[in-house]
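Structure, as structure tokens:
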Amino acid sequence: MVSGYLITILITITIYAMLAHSLNIITGRAGQISLGHSAFFGIGAYTSALFYTGAGLSFWLSVPLGTIISGIVGALLGIPCLRVRDDFLAITTMGIVFVVEAVFLYIPFFGGAMGVGGIDPPKWFGREMSKPEYFILLLIVLILLLFFDRRLERSWIGLAWSSIREDEMAAGTMGVDIVRFKVIAFILGSAIAGLAGGFYAHFLTFIMPQNFGFGQSIVILCMVVFGGIGTRWGPILGAIILGILPEISRPIMEYRTFLYGLLLVAMMRFQPGGLLGEESLLVKFFNSVGSSVRGKRIIKNASRS
Amino acid sequence: MLLEVKNLCKEFDGLRALDQVSFSAREGEILGIIGPNGAGKTTLFNIISGIYSPSNGEIFFQGKSLLRLKPHQISRLGVSRTFQIVRPFLNLDVETNILVAWGHRFYPSLLKSIEPFRKVEILEEVRTIIERTGLQPYANQPTKNLPLGIKKRVEIARALALRPRLLLLDEPTGGLRFEEFVQLMALIRQISEEGIGVLLIEHNMQVVMDLCRRIVVLDHGSKIAEGPPEEIRSNPRVIEAYLGKEV
Amino acid sequence: MLVQQLANGIAVGSVYALISLGLTMVYGILRILHIAHAGIYALGAYTGWFAFRLVGEFWLSLFIGMAGSALAGYLIERFLYSPLLHLPRIAPLIVSIGLFTAMEETFRIVAGPHTLTYNAKIGIGDLSLGNFKLTETQLLILIVTFLILIILWVILSRTRTGLAMRACAMDAETASSFGVNVKAIVAINFLIGSAMAGAAGVLIGVYDNQVWPTMGSIPAYKALAIVVLGGLGNIPGTVLASFVVGMAETFFIGILAIPFPRDAVAFVAMILVLMFRPYGLLGKG
């Protein structure tokens, strides 16, 4: 039997992996930066929580609704910003975190500082889903998302995103509708963050505004940067490592945010591609180990013959 | 008429970069655009391709106004360009660079956009462009490692993948070695023989005099002369503004 | 009442101007969204607070706060931004966010999570004309901001350095071809901009009579919103936008008592401007 503590960590990491993956669509694939990812995570969590507790909709309906509403807010915010200049997205998304947090905190409808409670775990086959079952459900969703990501990367959308990331002006003159594709990435990323939020709400069973503050955005960004911006597995690896680290060592917990900040600076300064990205020291290390082993084998074979 | 430019003006912070420039270009014609540095040639290209909007004046492409259109809309109508300071997608290989432009017929539809882009039929057609521009040896190499001459050809190949009716070439021969230079001249001539109009900004007088039947001369943002090469060569205003300084 | 609110609005707007100007200057020259600028602002408040504890003289502590911020700004430019300028613009932005987070946490770890009270003796006294009253700290903010803005204006419009700064903001490459030492000008931009943010930190520390680790969070995005309102990189536009936001906050919240988070005003104004005047209040096009 898997212990409850372990399963809690596994679920948390899977939710973080979804978040990191969704930010990677915006930042890694399309080259745009969102500092408001925690806000969309929060919008998804609050919408699905309120649809569940307020409107009495089931988990299976409230979570998709949270996803859709996150995506719609993403569109409303992304269209005016992305129409003008790329920097505006970073600015407005940073602002939206503070606004969304304030709205959750000060407007009674959203439960104020006490948050929203009474969100039950999902039910299936007439009974409540167990934690391990919930973990498997989340894992399946994550795998589906990654398949979808692979499909997108190999599609014309993925190609358009790479061209925008590489050189926006040149992409425009090559027939790529820059605004449209950036908006698609932003909506998709925001919606998936909302989906993760819905799962999170039904996992914690009560949510508070502080769960979705600016610090949370930094954590998500950190996972993406640490693992490797723009790679498929980098953000997942980042979520796993940075998700486990504070659990292993309690002292790290106290300085966690500080370390995340330093990590962002250090990665960009010395290893901008991340653990799995281009020019990665880790990848180089494994390649060199691999090639030296191969080299020795060739020498051995040569000396034998 | 393929392209008509009428009284085009562009100001940057009160500085006139283009002043009442008018000219037109026909299909299959190579129109040379020359002038000393800062004459406004690249600004002209940036306006035609929709990167800047003009302060005044009009541009018609096949009778349709290009004002207020975005770069991607203009390129989809059939106007494509290269850049003076090359800007291929450096981390993509040559083939993928061309594919980006090839996708212009898929991008407008969301449904078509989610189709995979590496399909055999498409790759075959891209292959013909690669062969035409002599890029076979480099097809699967990342563009950032290629020498300047090859990068310039990648830009032309990419522009051709848009199936243009009008091609804007901004100093395509700058920094090329002799063989590359000769190949490129032949390619430009061949492109125009297919009926594609070419606007050619060029510093090398020999190239312009060789390729173009008609030349437009800009100086300080104004058009100071237009005509066949022989006439331009002997035009006193051109000699004073341009040839006089450099030759 | 109205005049009183006007005074409050101007005081708040002044501080916004001090923070936002540095940000817009950095954007103007490097095209970097310098989010750590808000960390510099909080650093100024902490340095000033610490100096005041040490020397007990307010004006000296204000100066030390400004100097500390200026130095930090310079070091950030020299060792973090400048080596990253060849990378995609997302790289310096991520560094900036990481740095801002690390700075806030450093304040928390070093000076503790609680708020510190300033209790500075400034010695200029309140100003009252009939019903109209300016508190000592409001007066202080107005005087200091006014002096700093005049000095900035003189530097920008009357000195060779200022001319070079404006030239670099328009087009660094061309400026460099005319013999301007762009590196030095970038450093000067950071020094001046950071010193102003440091001054704002000290002033707010005195005005609210508290200094706390996350005091930079709200200004971080509010200053960005103001810079957008002013038209990224536009100095007069930024000053105007600062006062507009300062006034709007005091009027909407203070007089009309609209139940709306005060700190969201700048944000809403920014979204509106993005939709209708994308190049800012004073922008063209």
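We just call them A, B and C in the order they show up, numbering each chain from 1.
Everything below uses one rule, namely that contacts are C-beta pairs under 8 Å (C-beta built on N, C-alpha and C of every residue); 3 or more make two chains touch, one makes a residue touch a chain.
Quantities reported herein were computed from a predicted structural model and do not represent experimental measurements.
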Chain B to chain C, fewest steps along touching chains: 2
Between A-C and A-B, the pair with more C-beta contacts: A-C
Of all other chains, the one whose Cα centre sits farthest from chain C: B
Length of the line joining the C-alpha centres of chain B and chain C, rounded to whole Å: 45
Geometric centre distance via CA averages, chain B-chain A, whole Å: 41
Between chain C and chain A, distance of the C-alpha-averaged centres to the nearest whole Å: 32
Contacting residues of chain A [partner chain B, same complex]: 151-152, 154-160, 162-163, 166-167, 169-178, 180-181, 184
Footprint of chain A on chain C - complex, ascending: 27, 31, 33, 35, 80, 83-84, 87-95, 97-106, 109, 217-218, 220-221, 224-225, 227-228, 232, 261, 263-264, 266-267, 270-271, 274-275, 278
Chain B residues touching chain A - in the complex, by the definition given at the top: 49-51, 70-72, 74-76, 80-81, 83, 87-92, 96, 99-101, 103-104, 106-108, 110, 112-118, 158, 162
Contacting residues of chain A [partner chain C, same complex]: 27, 31, 33, 35, 77, 80-81, 83-88, 90-92, 94-99, 102-103, 106, 165, 214-215, 218, 221-222, 225, 229, 255, 257-258, 260-265, 267-269, 272
